[in-house]
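In the two complexes below, chain A is the common chain; its partner is chain B in one and chain C in the other.
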Partner chain A sequence: MALLIEKLAQYWSYPFVRYALVVGVLVALCSSLLGVTLVLKRFSFIGDGLSHVAFGAMSVASVLNLTNDMPLVMGITVLCAILLLGTGRNARINGDAAMAMFSVGALAVGYLIMNVFSTSANLTGDVCTTLFGSTSILTLTKTKVWMCVALSVVVVLLYIFFYHKIFAVTFDESFASATGIRAKEYNLILAVVTAVVIVMAMNLVGSLLISALVIFPAMAAMRLFKSFRTVTIFAAVFSVFCATAGILTSILAGTPVGATIVTADILLFALCTLVGWLRRR
Partner chain B sequence: MIQMSCKGLTLGYNSALVQNLSFTVAEGDCLYILGENGAGKSTLMKTILGLLTPLEGSVDLGGGVHANEIGYLPQQSQAQRDFPATVWEVALSGCQSRCGLRPFYTQEEKELARQSLRRMDMERFSKRCYRELSGGQQQRVLLARALCAARKMLLLDEPVAGLDPAASREFYQIIAQLNEKDGVTILMISHDMEAALRYASHILYLGEKVFFGTRDAFAQSNSGRRYLEQGEGGRAWHC
Partner chain C sequence: MKRPMILLLVGILFLTCSACGGNEKNAQSKEPSPSSISQQSEPLPMDQPSSEPEATISPRVSSSLSPSQGDNSTRDIQALQGTASASNGDKKKHSVEKTKPDSGKEAPAAVDLDLTTLSSTMVYGEVFNMMSTPDDYIGKIIRLNGLFTVYQEPETGQVYCGVIVQDAAACCAQGFDVVMPDHFRYPDDYPPTQSEVTIVATIQADRTLEYLGILTLRLEDITFEHIGTAP
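Coming up: the complex of A and B.
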């Protein structure tokens, strides 16, 4: 035990470890907050779909040799999010079908672009990194960390400020708009914030595992709690805990960061399900 | 006092479902909207609420009712049935329309939510989870929420769908009480002829032949008689 703590203390002196923890915890917090709403609105797969779009955008950015790919990736992802979520329920193409089209299309085109134009010697490694985020969280620059911090603060503040409206719109969109809440505008805000969080989360777990960050905390909280407020709070705590545990484990054990965090999510989700089941008996 | 008048309404999405519909609702009326499935009942309701724009004609509100002050009880969606929310949270969300951009509720609004729940005899369930209630109790919570949004006019879209007969009867009585005792104007979509003939003051029938008038006039009219005969035959209108 003493050895473990010593080892952790030693790692703590490296800035990249501190950066990883800060970004990891913030991203986990934001995605779990959004996750509750997204899961309840039956948009669980939006995380998956948008992250593939972000992957496509990233491959374009890397081919163009942009030093800072954030603006381009963010722009494209936000646009897609608005197309998918902002239209509401009356869209021409079914929500889930549209999402699948975007998702698979972006993934394929992104890989194709990388394959044809890439100058990198280690293409498979690059793709793997973007998809699974295996190392990118450990190579964060100071600018990216600050950007992440600023964006997370904005997301959390927005969430607190609009909390009651988010509840009203999520619980019953038609009642909300009938009583004069601008449900469409809140859907739009939700879409934009979701896109921002997903681009941030790509640094952490890569595009394939983002869904886990969105879905697991919300589902686990819904196993145990009954009010919207407690579900939201527990989801946030759950997610932050798993992110911290996952990052520390991956540093100590040398496992891939994203996959370790998600494994922590799965284990704790199973525990919550068990506790919920026992309590109901 | 006239609270709402619809003039020359033509409703529908791409093609017209209802053409040239005109009727008025006075304070304290209890209007039942009857008709076959697909006759445009829900479309009419959404138009009154301003969720849809009519293809032609207009809905004018008066008598102190404003567009955002109509209480609405929508048909329940499947998603709501497993939503993690307490009765209190649901009822309070009815006050949201009073908030504007203000992020939190005032004491006054919380008191209003408490009162509404009390009126529906649901105050003791405040801390209970919405999804664990029976269908009838859920409808009462939603009615309490609608009462937070408005006190003068309530629009109900098939409120007893999915309720067992006892719960339906009870719910009709609650509505009738709100109408008679508190003077709340009621507009309700229903398939229930019996309830309509018992509680309605006016009936709007949508179908090939549109009818609007008092309950007694409806019972005498052609569409009313046909409806009644059907009802006695096999209760075909009990969907």
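Coming up: the complex of A and C.
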């Protein structure tokens, strides 16, 4: 144990470890807040769909040799999120079909672009890093960290200030509209915030594993708690705990960061399910 | 709802600011580093002594000297003498017999950057930093392990060497150009290609190879601490 603490203390002196923890915690917090709403609105898979769109955008950015790909990736992902979530149920192609089309379409086109136009010597590595996050969380610059901090503050503040409206829109959109809440606008805000979180989370767990950050903490909290508020708070706590544990474990044991965080989420979900089952008996 | 969320947010932001704030270089220089007495400009954070036993440095001397004649056991090369690091200084007192031609230069005074004590995830992060901010690392003495690779140009006969450092995901390995000592003759004095080696070397850069602002790092004044067998 003393050896582990000594090792952690040694690793803490590396700036990139501190950056990884900061970004990991913030992304986990934001994704779990949104996760409760998305799971209840039956949009659990939106994370996967949008992250594939972000992958496609990222491949375009890399082919264009953009030094800062964030604006382009964010812009395209937000646009797709608005198209997917903002149009509601009146779209000609319904939600899950549209999401699937965006998801696989962007993934295929992104990979195709990277293969045909990429100048990188390590295409497999680039794709692997983007899809699984692998260790890209350890390569963040200070600018990216501050950008992530700023975006996270905006996301959390939006969630706090529009909490009641989000609550109403989450459970019954029609009723919310009938009571004067502009449901479409709040759906739009949700869509934009979801896209922002997805793009931030791509650094942490990669585009294939983002859904885990959205779904597992919310589902784990739902195993134990019933009210929307407690579920939201505990989803955030669970998610932050799993992200911290996952990052620390991965740097100590040398395992891939994203996969380790998701495994921590799965274990916590299993534990919460067991506790919930025992409480009901 | 707002109150607990704001408290949570404030707590996380506090942690964020305390982690991001400050000059990391200053923070690094405050690290206790008994093993590193480097006179380089900015000490790196991995100067601490290894708490793990250095299995690759042992008093045992292999009778097989030529890499091409390698037996199945690991061959230990006692090329580093005395002062490589305080943590393994005692062990090195036993390593007095040179069994392989070394670089022919003075053994490095201290290792600034010991990648062998880091987990593979950390190694990836650190090597990425070296590639992205090479100027911070030039002149540092590094210890690392990886796969030794050799390529001989068929037309000119020129031999190029490198050490590939694997990462945790095994997809994003990064390599260093290695400059072998002048008196090493290929292939007799070279480790077998694809063998795992532990080396101590000085990081240098060839500015003539700078391309699009990217500087290629290479390892010079190389000393082999350990040479494994080829797969």
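The rule we apply is simple: the second predicted complex is superposed on the first by the 281 of 281 C-alpha atoms of A that agree within 3 Å, B and C clash if a C-alpha of one lies under 4 Å from a C-alpha of the other, contacts with A are read in each partner's own complex, and residues count from 1 in each chain.
Keep this in mind: contacts are C-beta pairs under 8 Å (C-beta built on N, C-alpha and C of every residue); 3 or more make two chains touch, one makes a residue touch a chain.
It should be emphasised that the depicted structure is a prediction, and the values quoted were computed from it without experimental measurement.
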| item | value |
| --- | --- |
| Touching partner for A:E6 - first (chain B), second (chain C), both, neither | second |
| Between chain B and chain C, more extensive residue contact with chain A | C |
| Chain B versus chain C as contact partner of A:V155, first or second or both or neither | neither |
| First (chain B), second (chain C), both or neither touched by A:V53 | neither |
| Chain B versus chain C as contact partner of A:Y14, first or second or both or neither | second |
| Chain B versus chain C as contact partner of A:V205, first or second or both or neither | neither |
| Touching partner for A:S250 - first (chain B), second (chain C), both, neither | second |
| Touching partner for A:V240 - first (chain B), second (chain C), both, neither | second |
| Partner chain(s) touched by A:R229 [first = chain B, second = chain C, both, neither] | both |
| Contacts of A:W146 with chain B and chain C, given as first, second, both or neither | second |
| Chain A positions touched by chain B in one structure and by chain C in the second | 160-161, 163, 229 |
| Interfacial residue positions of chain B with respect to chain A in the complex | 46, 49-51, 67-68, 70, 72-74, 77, 79-80, 83-86, 88-90, 92-94, 96-97, 99, 103-105, 128-129, 132, 142, 145-146, 149-150, 155 |
| Touch list for chain A against partner chain C, complex | 3, 6-7, 10-11, 13-22, 25-26, 29, 122, 124-125, 128-129, 132, 134-135, 138-139, 142, 145-146, 149, 153, 156-157, 159-161, 163, 229, 232-233, 236-237, 240, 250-257 |
| Chain A contact footprint on chain C (complex, rising order) | 1-2, 4-6, 8-9, 12-13, 15-16, 19-20, 24, 27-28, 31, 45-46, 48, 51, 118-122, 124-126, 128-129, 132, 167-169, 171-173 |
| Touching residues on chain A, where the partner in the complex is chain B | 40-42, 160-165, 167-168, 170-172, 174-181, 221-222, 225-229, 231 |
